[in-house]
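Below are two complexes that have chain A in common, paired first with chain B and then with chain C.
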Partner chain A sequence: MNPQLESFRYDDAIVRKFLWATFLWGLIGMTVGLLIALQLAMPALNFDIAWLSFGRLRPLHTNAVIFAFAGNAFFTGAYYSSQRLLKARMFSDLLSRVHFWGWQLIIVLAAVTLPLGFTQAKEYAELEWPIDILIAVVWVIFAVNFFGTIAKRRERHLYVALWFYIASIVTVAILHIFNNLSVPAGPLKSYSIYAGVQDAFMQWWYGHNAVAFFLTTPFLGLMYYFLPKAADKPIFSYRLSILHFWTIVFLYIWAGPHHLHYTALPEWASTLGMVFSVMLWMPSWGGMINGLLTLRGAWKKVVEDPILKFFVVAITAYGMSTFEGPMLSVRSVNALAHYTDWIIAHVHTGALGWNGFLAFGMIYWLAPRLFQTRLHSMKMAELHFWLATFGIILYVTAIYSAGLTQGLMWRAYDVTGRLEYPAFIETVMRLMPMYWVRVAGGALYLTGMVLFGYNLLKTWQTRPATYEEPVIQAAPLGDYEELAAPRPAGALARFAQAAWHRTWERLPVTFTVMVAVAVIVASLFEIIPTFLIKSNVPTIASVKPYTPLELAGRDIYIREGCFNCHSQMIRPLRYETDRYGEYSKPGEFVYDHPFLWGSRRIGPDLAREGGKYPDLWHVRHMEAPRDIEAKSIMPAYPWMLTNALDFDGIQSRVDAMVMLGVPYGPAVNDAPAMARQQARAIAQSIAAQGGPADLSDKEIVAMVAYLQRLGRDLGAQPAATTVGGQ
Partner chain B sequence: MSAPHDDDRLLDHSYDGIQEYDNPMPRWWLYIFWGTIVWGVLFWLNVPGIGVGKGRIADYDASVAAAAADMPAEPSAGPDAAALLAASQDPTAVAAGRTVFGAYCSACHGPDGGGVIGPNLTDAYWIHGGSPEAVYHTVNVGVLEKGMPAWGPTLKPDEVNAVVAYVISLQGTTPAAPKAPEGTMDPPADAPSGDS
Partner chain C sequence: MRLSDIMAHAGLSTYAEVALVIFLVAFLLIAVSVFAPSRKQEFDAASRMPLDDVHPQSPRGDAS
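What follows is the complex of A and B.
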């Protein structure tokens, strides 16, 4: 060993920055969450203002809590713990700052563009292409900074927390890039390069692994550092860490297609997703066991210490949601739960319980250390804990009941063999009391959040005039000497199992490559057959591209976020086809860049909406849904009747579609004129039915054109639908 | 360390003060894990094309066939004209029909039947005929290409009867904002004048 010690300091200023960002964005993201919960219980709260309407704010809520709150929490903990676990200051202070400010810039851009309606319509990947590029750049900067720190570490072996950080950083980069590949059709508009079934597959490969590698593995890493620190106990089992780490990394990647049971995705793919999800149950519980058993002998401390209480509930919530996840992935359970609030309850157990509570516990532990003072009030932290716990209980019990209620109502038949609740709205009205309970639960959780902020602020106010930056001393890594410290022979044998892993732990490049290989190989096993097997998507001759006007309408549908409330995917289940019509076929979506199958039916499925109602019905319904359906909770879209449609802008959109291989025929050169022609015809039919006189240049005609097209190609004679008439 | 964990053995490393035990993985954990893997392999026997399962589309077709076989035989022609006319004068039937109308029809025909998107149902002019059988038929099978849904498959037989009785009872009432007459004059035989 090199006897010469090096002196250095940790960079805690950057950790303080991330800590405040975590709190701030958490507060904002949860406030938006409370607002959209209120909107579902009281649609008047959409205020008839475009940027405040549910479809636009829901993605803002999810992005804010995932990427802004949980993301910054991960960075807070990772910057603090990595430096200490590696005995090194971050690789570059400049990169740390660029990472911090770059990430906050991305969040601000998201907070502006999402309410303005710029979205790719893919869940948790809504941000448009320029922001996606920025995300990739900032992520790479973070990665360079992180791996640079590993390179100059003074600790030979990597601790388990770091394994989880490595897996997260590598995998998120891969997921982000491949799901967001798209062709721009304007500065803030793009179309996914994948269509229909394949787009859906890629999206849920991404979507499920965003949960895995953004909300699970980073937080397991944080748990492995902050839990033993706060409890002052060793980790229960090193071998369990190894096995559950690698099985999580390898198995998680396959699980995505369980989001697409009974959809047009081939059955083998969703089955693959299902069996891997079930196999994931124990690997996930490995984390929970290692967490809870680390607290053996410390339970008395848990009673007194709100920080450990937060951790215990977080780990328990993790255990519950990782049991529930595999259960929901089982096809028959999924048939009941899919499209209902059950899924919303499931994610909130994870987000509020696991991510939220782990972040709170971690920050309460960090605050006195970072601000070099005492926590302002432990009592207040304790109160925060109880408020938030009751908030979660209220939220999830209400929303589980809502999910079950609606799922059971959708499939109920009466004695005459008809649907018991044929009117969708009946299944919505029944949920209202539960939606109010959710509001109460969310309000409690948010109140806790305010206390949290107050407590942090008060703590910060008592900080010293200048922070001390203690000098740390450690020896640099010399050449590695095998078995430098001789171990007892018996233990060596016992340890033999994990010896190979011990070697990997001092070879970060090998380790990272192994993680990347696990993730990529598992992905390719699913992706290659999905894209290459022709029979996955049998062609349907009568399916034609959208006309230019319909395409414009589809983009309005995307802009308004209608897919947050409406699915376009009828499953081959009798109670679905009795309600909505013929089940959806893979070939119907070959021109759908992006796919719009949706994941939640707050309103009815729209896959076969075309021709169901007269044009005028849609005009009046979009303008004022409650004039048509008194109990509707759909937002009103009056601006569609007044906003002028940008006909000339349609050409660039058609061009982008053509680049993606959509056979547009004459519309390649003539999109605006063709759109105008179709718009006039629709406006005439609206006027003839007794509607407003001239709507031909308004957005509503495009919307109506799109809605009336939905699902009609399947039965159409091949010649009947051509792109805008030839 | 407290007593019950004396057999825990600490590994010789420490990271920023964090240590790890060399405990074995819990047995039950390993067994369930192996169990799920075995189950995962076996489940493939159920996947069409790979195992012996028929798959979701075959299951669906079977469920549709089974339901069709179970469906109670429907009276093909519906109730006769006299019964519908009688119901249109029966306050309970009309009240039941009014509820159905408010829930499913008023969006298009107006709350008082005066017509909005769909035609005025209170006047004596009909596009598809004003006889009780004709109205029953229109309501039952709809006029899909014109935007009048088919209610037979959706509503229960009682509800269809009640709402048809209610529509007949609307004859001769005066809605707030009546739509101009459409179709031809064809009053339901002996149509009672509005007692709604």
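What follows is the complex of A and C.
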């Protein structure tokens, strides 16, 4: 034997920790999902408690399933597979543990702050700035640990799964940092440094790539490792997997603007997003086919083995959602689907089908190996599979039809040329049966999750007293001797031998830099023009900053998560302008830090809400929405009428806005007094309209001030649109 | 004159097309190298990597 062999053991204790965290947070995240699904069908189920209301719990649900459930599932698989693919123990056991506990701490902080209303109002980036900093630190710790393991590996070639992990680690870091740049206005309050169109652009550059590099590439890495493991045969085509990797890295980063069709974003930008999104279909299906063909000749095993069944459905769901994604990115399809439940159905095909099932298959495969025993019950795993499958089918068919129904009703005209359903509530009531079917589907999926946990627990109980930790022996890599060897003369000859490619693969520094370059170049090509071509955001002279009171009201709007159900973006389509008024212009949002365009209309658009109703209407509507509109599913916000407004806290918020370049004028020194003055005027008008006397120091006046301001600047003076630059 | 004035006149809206061409070329280079027949052995070894937890498939001194 080679005398230079080194001995080491794999660290499976950390994998077991992440496995339990995956289950626990999955259970919690899905339970919250079921609760908010119930609230949409039956609004009374928030019990009029602030921290149980839909707008605050919806971000908790999305963050919990994305970052807690899927995140921990990725770490489980990555820690298990990387050590074995690299033939090395993790770089540092301490860093592994710091990563684990740091990540769980972040989740706990999210679970506390989101229901309390601390949010940045950007989807999947809701967490406030101190937690964002913590995320960045923990992510870097993970990266150091991961790259350290690569550096001491005993296997020359980096298997393709590791490429996907590297791309995920690098890109998530870039996305997270740039989307969360903000100016703090308090310990748990900050304003995005971007405003309006730019903020929307950054947010969906981030938001779409969070799907790409947190839910897709990490899980593709897991697929390329655990599918061969479970099927006990290599991946169908390793070549295809490399092509899959590079095309995904090249294309995904461009796709974000397809979230902003028909909005105030310049059309060329959303067209670019659409083109790249459609191109993404090919590599995605290449990956799906690669996965499914791996099982050729093993389909008999699929019939008997619930683990392979989970993988097959996961890969199929990947294929379905990556076909649907490009389709939804096409402008004309998007016009129908955007703001409806269709998008919700789309993401749940991906999250429940692809991420959930891949995690379940992986963990059922891992559990007996990690706990060094037999899985407690294969039958129960089989039952879990069928419950979850039917859960998904019920969920998505109901919500697809809800989305189509609502989208078609919004655009329906009667024979006289008027909107057929002018009352928004009609389009909500029609969805109720579908919302109940969704609850049933979600409950089935959650039941499967409980069985999953019980099965894991029973398996864990039969573990040995002490885990065996076999010693592995392998030679260290040492220097790259062949790099010193003479290389063929001539660039073309070298290229033909593909020596360059082999070299990068072995030097992950260069490889990592290449991935980062692909991502950054694509981002810059996309972002720079949006930020720097002035004609993309024409200024409108009549658009002024929010008054201090309106700003305070906007922050309450953000705290309650109103943007989760109400958009503030009227598209230039006839059925939108007929329903809501003049379409939204980019110049209207130049002081919106952050933007609040929203992505879903569970309730109507509010971009031109100002002046539509008297002040008292808003007070009554906030206090008890169903007194105004009997079938409304909006939560009640009675606490806005009793909570005292923190006038003195407004100054630091105005100051933060001033730092961002918002021209506040006298409010720089005098925000609380100005707010009090405006509050008294609004309270008087409420009292004069027959409402409660003296609300002038309550939160509701700020909310009314903000809502009454929405969309009115455009008509404040004759349209004084000036196009800058050109 | 501010930076944004310079950038506004730089005609950056064609950047997207330039990037598209760059990325297409990069993609073609990768595709050609990946499908070079000479690399079959290397990829076959690589594809077996997940299946062996103990023995490196491309250890020290292995030039493939």
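What we mean here is this: the second predicted complex is superposed on the first by the 689 of 726 C-alpha atoms of A that agree within 3 Å, B and C clash if a C-alpha of one lies under 4 Å from a C-alpha of the other, contacts with A are read in each partner's own complex, and residues count from 1 in each chain.
Please note the rule applied: contacts are C-beta pairs under 8 Å (C-beta built on N, C-alpha and C of every residue); 3 or more make two chains touch, one makes a residue touch a chain.
These figures come from a predicted structure and were not determined experimentally.
Look at A:612: by the touch rule set out above, it reaches chain B but stays clear of chain C.
In the superposed pair of complexes, A:522 makes contact with chain C only, with no contact to chain B. When the two complexes are overlaid on their common chain A, residue A:433 makes contact with neither chain B nor chain C. Contact with chain C, but none with chain B, is seen for A:476 once the two complexes are overlaid on the shared chain. Of the two partner chains, chain C is the only one that A:250 touches; chain B does not reach it.
Touch criterion not met for A:186: it reaches neither chain B nor chain C. Once the two complexes are overlaid on the shared chain, A:229 sits against chain B and chain C alike.
Contacts of A:629 after superposition on the shared chain: chain B is touched, whereas chain C is not. By the touch criterion defined above, A:661 lies against neither chain B nor chain C after alignment on the C-alpha atoms of chain A. Applying the stated touch rule to the two superposed structures, the overlap between the chain B and chain C interfaces on chain A comprises residues 81, 84-85, 87, 155, 157, 159-160, 225, 228-229, 234-235, 238-239, 243, 247, 268, 495. Interface of chain A with chain C (complex): residues 10, 81, 84-85, 87, 154-157, 159-161, 224-226, 228-229, 232-235, 238-239, 242-243, 246-247, 250, 268, 272, 472, 474-478, 481-482, 495-498, 500-502, 518, 521-522, 525-526, 528-529, 532-535, 724-726. By the touch criterion given at the top, residues 3-5, 7-9, 12-13, 15-16, 18-19, 22-23, 26-27, 29-31, 33-36, 38-39, 42-51, 53-63 of chain C touch chain A in their complex.
Those residues of chain B that touch chain A in the shared complex are 1-2, 4-5, 8-13, 15-26, 29-30, 32-33, 36-37, 39-41, 43-44, 46-50, 55-57, 59-60, 63-64, 67, 70-72, 103-104, 107-108, 116-117, 144-147, 149, 153-157, 179. Listed in rising order, the residues of chain A touching chain B in the complex are 81, 84-85, 87, 155, 157, 159-160, 225, 228-229, 234-241, 243, 247, 262, 267-268, 271, 274-276, 278-279, 281-283, 285-286, 289, 293, 296-297, 414-419, 422-423, 485, 487, 491, 494-495, 572-574, 577-578, 583, 611-614, 616-617, 620, 627-629, 689-690.
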